[in-house]
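Here the chain labels run A, B, C, D, E and F in written order, and each chain numbers its own residues starting at 1.
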Amino acid sequence: MALSARNQFKGKVKDVKKGMVMAEVTVEVAPGVDIVAAITTSSVDRLGLAAGKETAVVIKATSVMLDA
Amino acid sequence: MALSARNQFKGKVKDVKKGMVMAEVTVEVAPGVDIVAAITTSSVDRLGLAAGKETAVVIKATSVMLDA
Amino acid sequence: MALSARNQFKGKVKDVKKGMVMAEVTVEVAPGVDIVAAITTSSVDRLGLAAGKETAVVIKATSVMLDA
Amino acid sequence: MALSARNQFKGKVKDVKKGMVMAEVTVEVAPGVDIVAAITTSSVDRLGLAAGKETAVVIKATSVMLDA
Amino acid sequence: MALSARNQFKGKVKDVKKGMVMAEVTVEVAPGVDIVAAITTSSVDRLGLAAGKETAVVIKATSVMLDA
Amino acid sequence: MALSARNQFKGKVKDVKKGMVMAEVTVEVAPGVDIVAAITTSSVDRLGLAAGKETAVVIKATSVMLDA
């Protein structure tokens, strides 16, 4: 299957901070380049996200802004 | 001023496709790494976005998903 | 791979309306239950979305509102 | 009044998990079909959301992705 | 019914620009204060949105950023 | 630099409620008019957001809905 979301980058989980409902996951997608995701803590648990795990970052084009 | 959005990457506009209301802007943020943004055509015009222009990509953490 | 997005429903494309940049795709996820997605026209083409095609609908929990 | 959001489904709250700021609300929209919403805990309290309460799920079309 | 979305402001439609799939609607929520919405053209038609029409603007808290 | 996000309003932080991962920030953008943002607690700390601080609220047009 292929996702409609236009932006997908492979990376490795660097850090996971879990709150009661939401968690903040930092993914290194290139040396020195991190992307931060705020997802539910249940998804962190369901996907077994932890430092070192391979993951892909997915971002819908309509969620991207530009600053020029 | 500094934006609360956690993800901000510098890049250069590679391509702009303008529709009546929405436009698709492709930004190269690293060699071979493109991020696609769907923003209003009025913003493209207001910011003068065109191929070659320096820009930053901005993404709120709550808009980022992971695939693991 | 498994997506962090909490809401994923299988369905069949019922209708595709393509604009220059954005497209509106209607997916039937259960008899009489349609979900409408606004995605880029390039994604519609890349995924080969057309009436009758099997697809899954994906929605991040932070994008869901309630009306009570 | 009618909302511009294209996707609206009636359902019944099945579970509420409240954090300090965000809450996760699971709504059953059809037998065996749940939709999960991440909304503010203040909204959960303001709307009186609790298991068994009738509610509608609302999702903007630009927030919907497809996987085909 | 009451929406979980935290931000709701009454206003009057000032301008509608319709594309094939998406439309841009400008709503005046206070003298000199406009909010721009990008919604589907089908929703513009379904709600009968046109200059002068009373409407409310609705924004989920997770979609709001700050610049400080 | 100028942001593509169409909606930007100056205001003053009125209240900050911090959870482990997410925070709720209330900004008064006009006398009696508040906008609520759900952003990461790390961004609240990084920007030094606290009651009384001048800030701007930023909202992408694709995140705005109408109720008519």
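Convention: a residue touches a chain if its C-beta (ideal position, glycine included) is under 8 Å from a C-beta of that chain, and two chains touch if they have at least 3 such contacts.
Note that this is a predicted model, so its numbers are computed, not measured.
*Asks:* Treat each pair of touching chains as one step and give the shortest count from chain A to chain D.
*Replies:* Minimum step count, chain A to chain D: 1.
*Asks:* Could you name all chains that are in contact with chain B and with chain F at the same time?
*Replies:* Looking at chain F and chain B together, the chains touching each of them are A, E.
*Asks:* Would you kindly say which chain has the C-alpha centre located farthest from the C-alpha centre of chain C?
*Replies:* Result for the farthest chain: F.
*Asks:* Centre to centre, by mean C-alpha position, how many angstrom separate chain E and chain F?
*Replies:* So the centroids are 18 Å from each other.
*Asks:* Rounded to a whole Å, what is the gap between the Cα centroids of chain B and chain D?
*Replies:* Between these chains, centre-to-centre, one finds 30 Å.
*Asks:* With chain centres taken as the means of their Cα atoms, state the distance from chain B to chain C in Å.
*Replies:* Chain B and chain C have C-alpha centres separated by 23 Å.
*Asks:* Could you list which residues of chain E touch at least two other chains?
*Replies:* Correct list: 1-6, 19-22, 24, 36-40, 42-43, 47, 49, 56, 58, 60-63, 65-68.
*Asks:* For this entry, which pairs of chains touch?
*Replies:* All touching pairs, sorted by chain label, are A-B, A-C, A-D, A-F, B-C, B-E, B-F, C-D, C-E, D-E, D-F, E-F.
*Asks:* Any idea which chain D residues touch chain C in the complex?
*Replies:* 3, 5-9, 13, 24-25, 27, 30, 33, 35-39, 43, 47-49, 53-68
*Asks:* For a test of understanding, state which residues of chain A touch chain D in their complex under the given definition.
*Replies:* Touching chain D from chain A are residues 1-5, 19-22, 40, 42, 60, 62.
*Asks:* Considering the complex alone, what residue numbers of chain F touch chain B?
*Replies:* The touching residues are 1-6, 37-40, 42-44, 46-47, 49, 56, 58, 60-62.
*Asks:* What residues on chain C touch chain E, complex-wise?
*Replies:* 17-24, 36, 38, 62-63, 65-68
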